[in-house]
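In the two complexes below, chain A is the common chain; its partner is chain B in one and chain C in the other.
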Partner chain A sequence: MNALSEEVKQLIIDTLDLEDIEPADIDYEDALFVDGLGLDSIDALELGVAIKKAYDVKIDNNSEDSKKHFYSVKTLCEFIAANRG
Partner chain B sequence: MKFPYQTSQFLQQQVSFAQWQQQVALYRDFFISQPQQRWLIFFEDSYQFTCYFFALIAANKQVILPPNGQPLQIVQCMEHADIFLGELSGLNNTDTSSDYLTFNLSQLEDDIKQPVDLTNNPLSFDKHCQLVFFTSGSSGQAKAIEKTFEQLIIEVEQLELTFAKLLDTKQSNSSVPVVMATVSHQHIYGLLFKVLWPIWSGRDLYLKTFAYPEHLVHEIKQHPKTNIWLISSPAYYHRLLADNVLVEVKEQLQALFSSGGPLNSEAAIAIKDSLLKSPIEVFGSTETGGIAWRQRATAQDDVWHVFSGITCKSSHDEQCLAILSPYVDASTWYQTQDRVELIDKQRFKLLGRADRIVKIEEKRCSLDEIGLRLGEHPWVEQAFVLVIDAQGHRRTLAAVVELTTTGKEVFAASSKFTFDKQLKAHLKQYFEAIVVPRKFRYLDCLPYNSQGKLNKKQLETLFD
Partner chain C sequence: MKFTIKKCVAWGGGLTTDQDWQEFAQKEKELSLEQELPALKQMPAMQRRRLSPFAKLSLHCALSAAEDCLATVPSVFASRHGDLQKTSKLISDVAAKEVLSPTQFGLSVHNAVGGLFSIYTGNKAPLSAISAGEDTFFVAILDAVSKMNYNAYPQILLVYTEAQVPEIYAQYVAQEEYSMSCALLIEPVQSALASECEEDKAVFELTLSNKEQGDKPAGDDENPHMQALDFLHFYYSGVEQAEVVSKRHKWQFKRTTC
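Our next item is the complex of A and B:
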């Protein structure tokens, strides 16, 4: 899980062109959107595409579930681990 | 048109108006004999400039004013002119003068021998005589703006009407004020306020360029008991905040004028506290001339008073100011890109530039508004927000920020990441995440040029 979380953090930084931030700055359990890292809805879209491509996972049709999966690095890693192809 | 007053003194040169007119008339008679019609004129020295400028107008030549004397700027402006009249300062490692026709000034010096008979051949000016100014377009290419001599004089007469009474009643000893300036006469603000207005209204001029406020103070002290009108710009006033040397001569400073760009409200009030009066700010552009003015009583006082003679309206959708102005065209509405809230026919508040409204992922936002909100944060002195179109990434906003002392202390003690994050959190109180700047750069001061403008291209490179 540790290696995956580092990978996901790096993916977030690269995909969203985040500046002055190291993987270590992203909290494992903190919210990625709104509060926490403060990403916006366009970031969510871009991150969704990047995660799909990188791990061959399918994003749920259910928006509530997706919200939960994309809540934090932790939830993202769990989602990827459970669904990767 | 003729000079309405015949009393000005050129104090620095110790030249009377009569002597000055002789000089102008001599040049005029020579210029009339020259075949060229369109004259590009550039002088560092304001006194020399006034002589040649009025001589060209009296000779009914088209007068073209480059914004500065940089060699390539002159080459560009020469596309609009037949001949160059002037002196370029020594830094000509790129000598481009062979590319165009330059007037040989020594021809004139030799000619000044006998006085011109001004009784039979007085100085008069065709009101339709044309002038061309250049404004640095945001695209980088200078844009030519045409005016008639009459339009400038109408504006000067309006300045007299608006300010003479206001300023003269404030002072019980009614000695005629002397006009001093820190701005260049090559730009419309300087040409109007420092040259045309005093000459046309018979006020004394002290034509010298003051690079530092210390020089200005020194000269003012040489003329004790004389009231001074200072024609200056935000670039100059903002720098007084750290060390206001003008305090020494504050009793003599009867009026302070500021134009060319926005003056911080904090600066205006700090100057009011230290120099006993806040600057009279004039709002306008090269295209429009002056539109409105204000003299802040408090930092919250943000109402502009429209010059009488100008009619205003604002469009319903974008609230953009349109004016009917005799300085532009008294019969056609001129549409500005300045968004305003009209209070009544003669007063408005500025809301920012319309061309600073952009769409980020379909979200409309005003870059100026975001910048102003950032400026409200205790860490932020001022901020400028711009759009970044990074290759391979979405269009986002970025902010160039000048920090306050507190801001600098906090910045030194924290990581840039957490610092940025807190400024973003501040903005999120007002704006959706999409329009909150994602990238921040911190500079000691925003790089305003001497005309009070920011070079957007230069700021963009901070994010490359």
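Our next item is the complex of A and C:
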């Protein structure tokens, strides 16, 4: 899980052009969107595409579940680990 | 069509300051292909991260030219080719059957930079995005001044930006292109009353006329220079008039005082 979380953090930084942010700056359990890291809905779409490409895992962007999966690095990792091809 | 220019800000071709452009107009400095981009440090990093070089050039000039009326000024954004680097990357992805990046897609439309400007400044005034071939810059002035006069706006912002086209399109571009942006804060000529007229304030007049035989470039040839650069040369040199001929039109610029 640890290696995957580092990978996902780096994927978030690279995909979303987060200048000046290091993987260590992203908390494992904190919210990624709005109040946490401050990502927005376009970032969610972008991240969905990147995760699909990297892990062949499709997250349905409009479902209630997707909000849970996108909540933090932790929830994303759990979802990827359970569904990756 | 007459108007005044409250502020002119240009960046590109290695020239970034008023001083640079004055030296360019005096032929003391030449344009280069150097691509130094404005830092835009005033923008929060979370908004700045999505800006392409094209958007950075535009926003730097727009924000500097309209700094006293950012939240209220109506605007015209103009570009001949738009952010073609972005668009051509998307087209390549379509051809390769790749999934398109939602962010790149959203920011590749012609009015994307105007949208970014509006979001950042909270400006809800009318905004349009236009393109008119090689005549884009002067047509943008025509558009901006017409809108300002018709709606009795106290001012209007014109932002013209061009980025060098991607390699694959270069063969279709006849002009010598530089990545550049130029923003003008345009105001009406206040009044014919001399008492209201600021002394020595320059009044500009742009006239569009038919191309005549003997005008250069002739036939279907384009002006070898970008119109915006012809304008900047005229603006900073202080000469009283300039004539610019394009493939289709003849434009005359005059400078008087009111």
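Please note the rule applied: the second predicted complex is superposed on the first by the 82 of 85 C-alpha atoms of A that agree within 3 Å, B and C clash if a C-alpha of one lies under 4 Å from a C-alpha of the other, contacts with A are read in each partner's own complex, and residues count from 1 in each chain.
Keep in mind that, in the parts below, a contact is a pair of C-beta atoms (placed from the backbone, for glycine too) under 8 Å apart; a residue touches a chain by one contact, two chains touch by 3 or more.
None of these values were measured; they are calculated from a predicted model.
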| item | value |
| --- | --- |
| Partner chain(s) touched by A:Glu64 [first = chain B, second = chain C, both, neither] | neither |
| Partner chain in contact with A:Gly38 - chain B first, chain C second, else both or neither | both |
| Which of chain B and chain C A:Glu46 touches, first, second, both or neither | both |
| First (chain B), second (chain C), both or neither touched by A:Glu19 | both |
| Chain B and chain C footprints on chain A, overlapping residues | 17-20, 38, 42, 46 |
| Sites on chain B touched by chain A in the complex | 361, 390, 393-394, 396, 415-417, 420-421, 424-425, 428, 432-434, 436, 438-439 |
| Touch list for chain A against partner chain B, complex | 17-21, 25, 33-34, 38-42, 46 |
| Of chain C, residues touching chain A in the complex | 45-46, 48-50, 99-103, 106 |
| In the complex, chain A residues that touch chain C | 16-20, 38, 42-43, 45-46, 49, 52-53 |
